[in-house]
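One chain, chain A, appears in both complexes that follow, with chain B as partner in the first and chain C in the second.
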Partner chain A sequence: MSTKIITPVAEFAELLPQEYKDLVARGPHGGRRSVRDLGTFKEIVDEHPHCAGCGVALAVRLLAAALPSPADTLIVGTPGCSFFSLVQTALNYSNTAFGNQNAVAAGLKRMLAIRFPQVHKDVVVVAGDGGIADIGLDMTLHSWFRREKITTVMLDNEVYANTGGQESGMSRLGRVLNMAPRGKLFPKIPVFELAKVSGCVYGARVTVAGPYRLGRVVRNAVLLARELGPTYVQVYAPCPTNMKFPPDQTLKAAKEAEKDHYSFEEFMSTEAAEYLARLKTAPEEREEAPEPAKP
Partner chain B sequence: MYVTVRVEVEKCSGCKLCIVSCPDPNVLAFIPEAKHVVVNEHRCKGCGLCATVCPEEALTVSGN
Partner chain C sequence: MDPEYLFSEAPRRQVFITGSEAVAEAVKRANVDIAIAYPITPQSESMHLVGDLYDQGYLKDYYRGENEFAVMAAVHGASLGGGRVFTATSGPGTLRAMEMFPVWAGSRQPVVCAFMCRGVSLPPSIQPENIEMAMLLDVGMLMFHAEDAQDFLDMILKAYAVAEQPDVHLPVGVFADGFFVTHTRSAVLLPPDDLKLAAYDPRRAPVPTFDMETPPIRLVRDPLLNKSNFISYAANASWHQEIAAAAERARKHIRRYMGGLLEVEDPAAVVFLAASGTAVSQSREAIKVLRAEGIRVGLIKIMSIRPFPVREIEAVTAHADLIVVPEFNIGGWLAREIKAAIDNNRRVVGGPRVFGGMTMPTELIVNEVRNALSRPGTRQPGMRAGI
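Take a look at the complex of A and B:
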């Protein structure tokens, strides 16, 4: 990542907050950073107002660290808890009217490809389960049908967290929520399965309990969207506030889900598999670290 | 923050699992020379997730 776009003019250099100065001095620039390097550089996400122990916040933090070219990435979001941290990133970020994220992202991707033909501009949708599976489902599916070269990341907490706990299409069957007292009456919408048959060249289903894997699949998805077509990552990001468990249980909840309905799954087209095989032999692609064993 | 995590640096092996388990950015940092992590107590929300993944039990959440 080049520091060019964030380096302040001399007149402003001293006026900027310490966080900004840190970003310029020891941000994720000049050399590839990944989830593995977290804790050794100033992150592009800054302090945010997510609840303590928020799975969505953890997912955003890991995703931001995994982006292959953060300076040339445009994140497209929509209302939902994820915007608490997305607005706190030193990334190009645009919000959209609720549910419009994939339509807006597709348009921006096409425009950027015309405006910057020599540079890869990665357009990545990051939105909640309600934003993607409910009101935005038609625009999500149509962007896949049209083979738009964008990545879609669903941060699935199985609830409308931001508005106090309504059921989403991704809530589990029978789930009782603050504003779903009778329990969800139908099962989770199979968005991951829809991605497979709707044109995505790559898809992965992960949880926040596997940070290195999350980083790897996000990177795969962004690189493949550049070259081949739409990609999809579905992340289980539990919400302690709405699911009413203590904030130190988020990773335990994610680990349990991995043994149940959130087992790791990945699919890819033949071309995508060939591309990733070539990538693996590239020297800058280092070995993955082992995942945390506990809780 | 009223509640924050504390690191017992003698116990920390420097595995960095806590760093990739914290939902909040720039809170836990790794000191390569000393090979252990440190916490920015002003940024920690005290959720305790880092402590649940630490294999060395080097992290505890406490009020102050």
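Take a look at the complex of A and C:
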């Protein structure tokens, strides 16, 4: 953890925009921050052009706050709505051809491991359901089969949102969408179940309605990927624009999904459980209070 | 070490090896950090041998990817991370990976990829032809075309020297016609085993390395400009102009390391065979036959396809009456390139062309020249002074 990369030379220090000065003075790069601390520090996600009420925007904000070492985190994404906020995030973000994210992340992680053997460079894939489950599924799975030490986070809005609301493999059965004029004819692709049998040492399925839990599982996933192997987090991030609900109902939609098809689930290998247990007892790790009771 | 010492001054020893083995000999001396492989004929053997080099400690990482698109994407990721990479593919693999080549160029990455060209269409063919090169002409990558195993070795090594220049920093594809080069043995002069290129230095890159060590921090290394406004369009357009300009700037480095973008034999001739790849070797044989018949024919061997040696071809053909372009593909992309480069392009005869694995017998080229010379109004070259 270091603020070296964002610290300007003295000659420029006063010329930079206020948001940048805040990032240097009160950003998360030099010390531990979490979802719990939101509102008390300058976040690495800045103004973005997502639609009002966007579940993906909220997921990116929470995820960014949960990264254990933002100063050494690189995000690999793919075309889609997640681009809009990830591009405004104060870390290195790569976004190239649709669906290639886990292959790019694998190559990047391996090169950084060669160049920085003493430093954990966290390579985190953050992409949508279309990128991870459809066009990039082979690369998602093969990165897990090969035990690449990367974290994959799916921001699942159950639709191709950026291209205008088409059916994705993660759309729900029967849902009428563009390119599914008679409703989707097959159920959601079981990517979470595939993660369990494909080599992931840790996986969690959450929604944006539980911010502390989302922060905790992202942090677990990134820390475990450093040491043990691939990890996967699947986040339900509802899309008011394409699912046609009012933008102030996003959390309600996520909470309803939690009771229905998006219940919280977590799995981990024995080694992962032991590692997390050791972390909890380490003095530098404070215990996180449980999620406040939901109204 | 000065790369020019490795390329041209260091004492070499002669070996009798295949083109695939020549690729491995190049990689052995290229100080590559990561190579990523995927099987396809006729490329596979070279990447087996690169795997052996990894096992022997010449590379720091190596693996077999899941398909060519994924391999080219992983190579892209590894290169973003600030090290030297290598991969290779052939025909259908090239097309499978196609989306990544403009990404490499757009990201200004000095990836070096060997292409062992082969058929891509139905009915299925694994046999040599280089139609895939036509499809790569405008992806932003530099393209060198090797005549033989010696070229393949030298061009791969020199590709890194050109690609990694701060004022270039672009991917380079090094192409050879599959089987003819990869699977036949020939005499190759090898630089010493204990010499290698200096390690890739990410601090010399004209774009920030993707490692969270190199400012600026808020870095979208690969700008997806999907906002619909004039600034986005202008940024995209100016970036593409910069990639094209970087390819132009590569010319001086190609001249320095490779001695030029093309080679000419008998520049005073008025009839030329102009070719690249193994068609050059066949043209050399045809020229011997034609000379024995009293027909003087010069040779233009085009080594750099991108950037294309437009001015050099203009100059060398200024006095020529006939330029015959034999090719190992149905499309005739090299003839099109030459026609677009020179004045009075009726002087260019595109052919003979073979594909689908057909060989190009010397007689085909000889007959093409004879037929072209019999066209009404074509000056007969005869054997002039000096031959």
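In this section, the second predicted complex is superposed on the first by the 277 of 295 C-alpha atoms of A that agree within 3 Å, B and C clash if a C-alpha of one lies under 4 Å from a C-alpha of the other, contacts with A are read in each partner's own complex, and residues count from 1 in each chain.
The rule we apply is simple: contacts are C-beta pairs under 8 Å (C-beta built on N, C-alpha and C of every residue); 3 or more make two chains touch, one makes a residue touch a chain.
What you see is a predicted model, and the numbers here were worked out from it, not measured in a lab.
Legend: residue contacts after superposition of the two complexes on their common chain; A:Met111 is shown touching chain C, with no touch to chain B. Contact with neither chain B nor chain C is seen for A:Val126 once the two complexes are overlaid on the shared chain.
Contact with neither chain B nor chain C is seen for A:Cys81 once the two complexes are overlaid on the shared chain.
Once the two complexes are laid over each other on the shared chain, residue contacts for A:Ala272 go to neither chain B nor chain C. Contacts of A:Gly55 after superposition: chain B is touched, whereas chain C is not reached. Using the contact criterion defined above for the overlaid structures, shared-chain residue A:Tyr212 touches chain B, although it does not reach chain C. Once the two complexes are laid over each other on the shared chain, residue contacts for A:Pro247 go to chain B alone; chain C is not touched. Residues 46 of chain A touch chain B in one complex and chain C in the other. Touching chain B in their complex are the following residues of chain A: 35-36, 38-40, 42-43, 45-48, 50, 52-55, 57-58, 61-62, 85, 211-212, 246-252, 292-295.
The residues of chain A lying in touch with chain C in their complex are 4-6, 46, 49, 71-74, 76, 79, 83, 87-97, 100, 103-112, 114-116, 121, 138-139, 142, 146.
By the touch rule above, chain C contacts chain A in their complex via residues 33-34, 36, 60-61, 63, 65-67, 69-71, 73-83, 85, 99-100, 103, 107, 210-215, 217-222, 224, 226-227. On the side of chain B, the complex with chain A involves touching residues 16-17, 19-26, 28-30, 32, 37, 43, 45-49, 51-55, 61.
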